[in-house]
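Chain naming follows the written order as A, B and C, and within any one chain the residues start at number 1.
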Amino acid sequence: MAIETVPPPASHEALSQQRRARERLKVFGLVFPGLFWLTFFFALPLVVIFIYSFLTPGPRGDVVWIFTFDNYARLFTESLFVNAYIRSIWLGILTTVICLIIGYPLAVFIAQAPPRWRTILLFMVLIPFWTNFLVRTYAWMIILQNNGLINWIVTSLGFPRLSLMNTQTAVLIGLVYGELPFMVLPLYASIDRFDFTLMQAASDLGASKFRAFTRVMLPLTMPGIAAGSVLVFIPTVGQFVVSDLLGGAKVDMLGNLLQRLFTRANPPNWPLGSALALMFMLVLMILIVFYFRSTTEDDR
Amino acid sequence: MNDGIAIELDDIVKSFGDVNAVDHVSMQIRDGEFFSMLGPSGCGKTTTLRMIAGFEFPTSGRLKIHGKEMGNTPPYRRPVNTVFQSYALFPHMTVAQNVAFGLEMKRVPKEQIKERVQKALELVRLPTFGDRYPRQMSGGQQQRVALARALVNEPEVLLLDEPLGALDQKLRKEMQFELKRIQEELGITFIFVTHDQEEALTMSDRIAVMNAGRVLQIGTPTEIYERPNCRFVADFIGESNFIEGTVRASNGQYATIETSDGLEMQGYTEQPVSVGSSVVLSLRPEKARLSTVNGNNSQKHEANTFPAKVERVSYIGSDTRIIVRLASGRTIDVWEQNTRSTLDRDAYWQPGEAAILSCSVENALILTS
Amino acid sequence: MIDLSQTSSQTAQKSSTRKPFSLGKTTLTVVSVLTYMFLYIPIIILVLYSFTTDAFGARLTGFTLSWYEQLWRDQRLMGATLNTLYVAFVSMIVSTIIGTMTALALERFRFRGRAVYDAFLYLPVVIPEIVMALSLLAFFSFAFNLIRQLTGIQLRNGLATVIISHIAFSISFVVIVVRASLRGFDQRMEEAAYDLGANSWQTFWRITFPLILPGIIGGGLLAFTISLDDFIISFFTTGPGTSLLPVEVYSQVKRAVTPKINAISTLMLAVSMTLVVLSQVVQRPRT
């Protein structure tokens, strides 16, 4: 190999500048495509709805460039929106709590299984997580519908038909079913790291099983609980497929309102929809930041 | 061009933010030398090595390899190769492919590669392991592969970054001899970074002791151990009793000091010390002598002889380690070799026994602080 | 003395590990089995009912493959399937390339604004999907309006807008997966390659790329699955006349429950499962 001629000894500044320039070029080349794409097709769209949220809806579903705060004012005054907000957040909290109650024992069970089984058990949680949300929701429609599986069993036993579809319970079942894997995976990750001999240490020091759990295991697995809760809560609140299919028009969540405002209303009202979407995002972000801050401080 | 100097560092500084990891280091490493950089972790030895390899660039100062200024030269154009602490073997390649990698990069013809790889594997005594993957080998074997992978390129200088750190004690000893054998066989310059003083003493022709980014002393193992130039070196390599004091009289290589607890001691010094300056006297425990108190107190008049009381005795097989307390309250460590094989209690020192501690003037080194 | 206390603490530890802690082992097992049933019974029913002869898909009246046959003959559904596969493929390729580059920049270099960009990359994951979908809908209509006013050309939503949106959504996921695999390997490996005479280009293709390839494939498969399964973004960014499978299934489900939907769902399930298994096999660490 011909060793290339070494550049004449230049000053250190010049050399390191050369090096830095070359590195900057590399970084730019690597960062640019992603930054470009996300700026144009992620950040800019958010800016567009931000602008729309201050405009006036036109008569044919278009926007009129007249600045107004009306859209935001309506969000806080009309009961339709306020109720949807409250219901969405309420369902979000319920779903999160139920997932936690079901998911925690499952995660402990998996973490304590023999290593060979652990992979398989975890994998079995993973499979529904990778399957289409729509398909999973549809599966519940088959079970819950008026002439569906449950009613077939109920009527063949001679009982009257139950009306299960289009209720809040149906929506809740669908939501828990859809989001459970998002809870189990992070929970498993932190329970797996938990040293179960600590529980023995606690009982050795006189703690009952319940106290050992609340004082030792729960705080130490808090990061998993926090991550799982956020992962469940966000998509739940924004849901519209589950509430649409299992709740009919009777259990309106924010997602359903948004969909209607943007596509189905006659005429569509994009400025109002934009305001609703942005407020929704803002509230969620605040909740998440608040939640993470409080849990991570506990952790330290 | 070849003046016998393989690597020359001239006033090298490497700073990370506000911290100078390497602080005005200058040294010359000779051709064919086994040179060690020794120091505690964070002393700048690895950073210095990485600058020679080209993974880091000095903030200021000059670095030459065989007289050639390295400046901005990237690692792949430097005539040096590195053996990494973690070995850094490519897990997706077989041993033979690992060893061949450097030659392929240099576009050496295929048949030649095969031959040279085989020779390199023979050199490290793994001639039949070419088709294995690194993960199928033990730590010691991986270590040898890393060595072969570097040596096959016939580097002018081989850099070794704590290569034995991950091996167990026995394997370590074995590899120390192995490395030394290979170095002598090939006659290439080795630069060896370690925090293990014994390792450095066993293998090196010369050692640079570093601390806090600076080179404190460069010398042969004997020089470093027998004539440390400062308290840090004396403390880091081997063990030592340190006795602080003030110079009372000085005549060239010998000086008399008054210790902080009021004793008068005489010691040897390489550099003349001025009267009144504060110094520290270093006495290696194996060079202190302990003798029984017998009737005639003729020893008392000799220099560096002090009455003492045995305080603690630990028998560790080859040695007996004794802590004695002087009249002033100061304690001194003394190591005695167990030259006699006996179970007789009286052959060993007992706690509470009275004794005479002494050391020759040459063994009491005066170090300026 | 010291030795003695050490050995006693060791034996204490040993005896304690022999008796594993249990949180009411039986209760735990029962609850977990019930949970797995909750997870799998709907899926099993879904699959079973795709073979029923009952047109309402409510009971098992007999075995038939006719629903699958009907799928095959349904031009609309077949077209939607092809569209979905096409969108998923293109979006996978582009987002994997962009995501890998981004992951490399973030893991291997320090640059100004790195922390901000890092946080920005998590936004598409955290933000509710419906907000992203609606903002894209608004953005495309806004941009197309602008283009029409400037050039007179009328662009419409279609496969291209869906692909663009899916890529924007998937990049962050790819970055997360690839970064994890970049973090997992010893950077000394790259230094070793430089040291042996490879320049940065050779080092990347000979060392870095093969070593993070499982991560890249994993990220790519994730992007593919996300695109394949995505309903919300597709629903809002697709145009009239270009149908996608999830959107098509949604509109059919809204109309009625029929075993035909079970059949297409079963097929989608099979594809998803194959992809999960594939990604697990690829990402399994070699030991």
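Definition applied: a residue touches a chain if its C-beta (ideal position, glycine included) is under 8 Å from a C-beta of that chain, and two chains touch if they have at least 3 such contacts.
Quick caveat, the model's predicted, so the values are computed rather than measured.
Please categorise the chain-chain contact pattern as a line, ring, star, complete graph or other.
Contact map by chain: complete.
Tell me which has more C-beta contacts between its two chains, A-B or A-C.
Looking at A-B and A-C side by side, A-C shows more C-beta contacts.
Quick check for the class: compute each chain's Cα centroid; which one is farthest from the centroid of chain A?
Ranked by distance of C-alpha centres from chain A, the top chain is B.
Calculate how many whole Å lie between the centre of chain B and the centre of chain C, each centre taken as the average of the chain's C-alpha atoms.
One centre to the other, that is 54 Å.
Please compute the C-alpha centroid of chain A, do the same for chain B, then give the distance between them in whole Å.
Roughly 57 Å separates the two chain centres.
So what's the Cα centroid distance for chain A and chain C, whole Å?
The mean C-alpha positions of chain A and chain C differ by 14 Å.
If I count partner chains per residue in chain A, which residues reach a count of at least 2?
1
Out of chain C, which residues touch more than one other chain, so two or more?
197
Among the residues of chain B, which ones contact at least 2 other chains?
Residues 77, 105-106.
Can you list the chain A residues touching chain C in their complex?
Contacts found on chain A: 1, 23-24, 26-27, 29-31, 33-35, 37-38, 41-46, 48-49, 52, 102-103, 105-106, 108-110, 112, 123-128, 130-136, 138-143, 145, 147-149, 152, 177, 180, 196-197, 199-200, 209, 213, 234-235, 237-238, 240-241, 244-245, 255, 258-259, 262-263, 270, 273-274, 277-278, 280-281, 284-285, 288.
Quick one: which bits of chain B touch chain C in the complex? Just the residue numbers, please.
53-55, 74-77, 80-82, 84-86, 88-92, 101-102, 105-106, 135, 149-150, 153
List the residues on chain A that touch chain B in their complex, please.
1, 3-4, 6-7, 9-10, 12, 15-16, 18-19
Considering the complex alone, what residue numbers of chain C touch chain A?
So the residues of chain C touching chain A come out as 16-17, 20-23, 27-29, 31-32, 35-36, 38-40, 42-43, 45-46, 49, 56-59, 97-99, 101-102, 104-105, 109, 111, 117, 120-121, 123-124, 126-132, 134-139, 142, 164-165, 167-168, 171, 175, 197, 225, 228-229, 231-232, 236, 246, 249-250, 253-254, 257, 261-262, 265, 268-269, 272-273, 275-276, 280.
Going by the contact rule at the top, pick out the chain C residues touching chain B in the complex.
Per the stated touch rule, the residues are 186, 188-189, 191-199, 202, 206-207, 210-211, 286-287.
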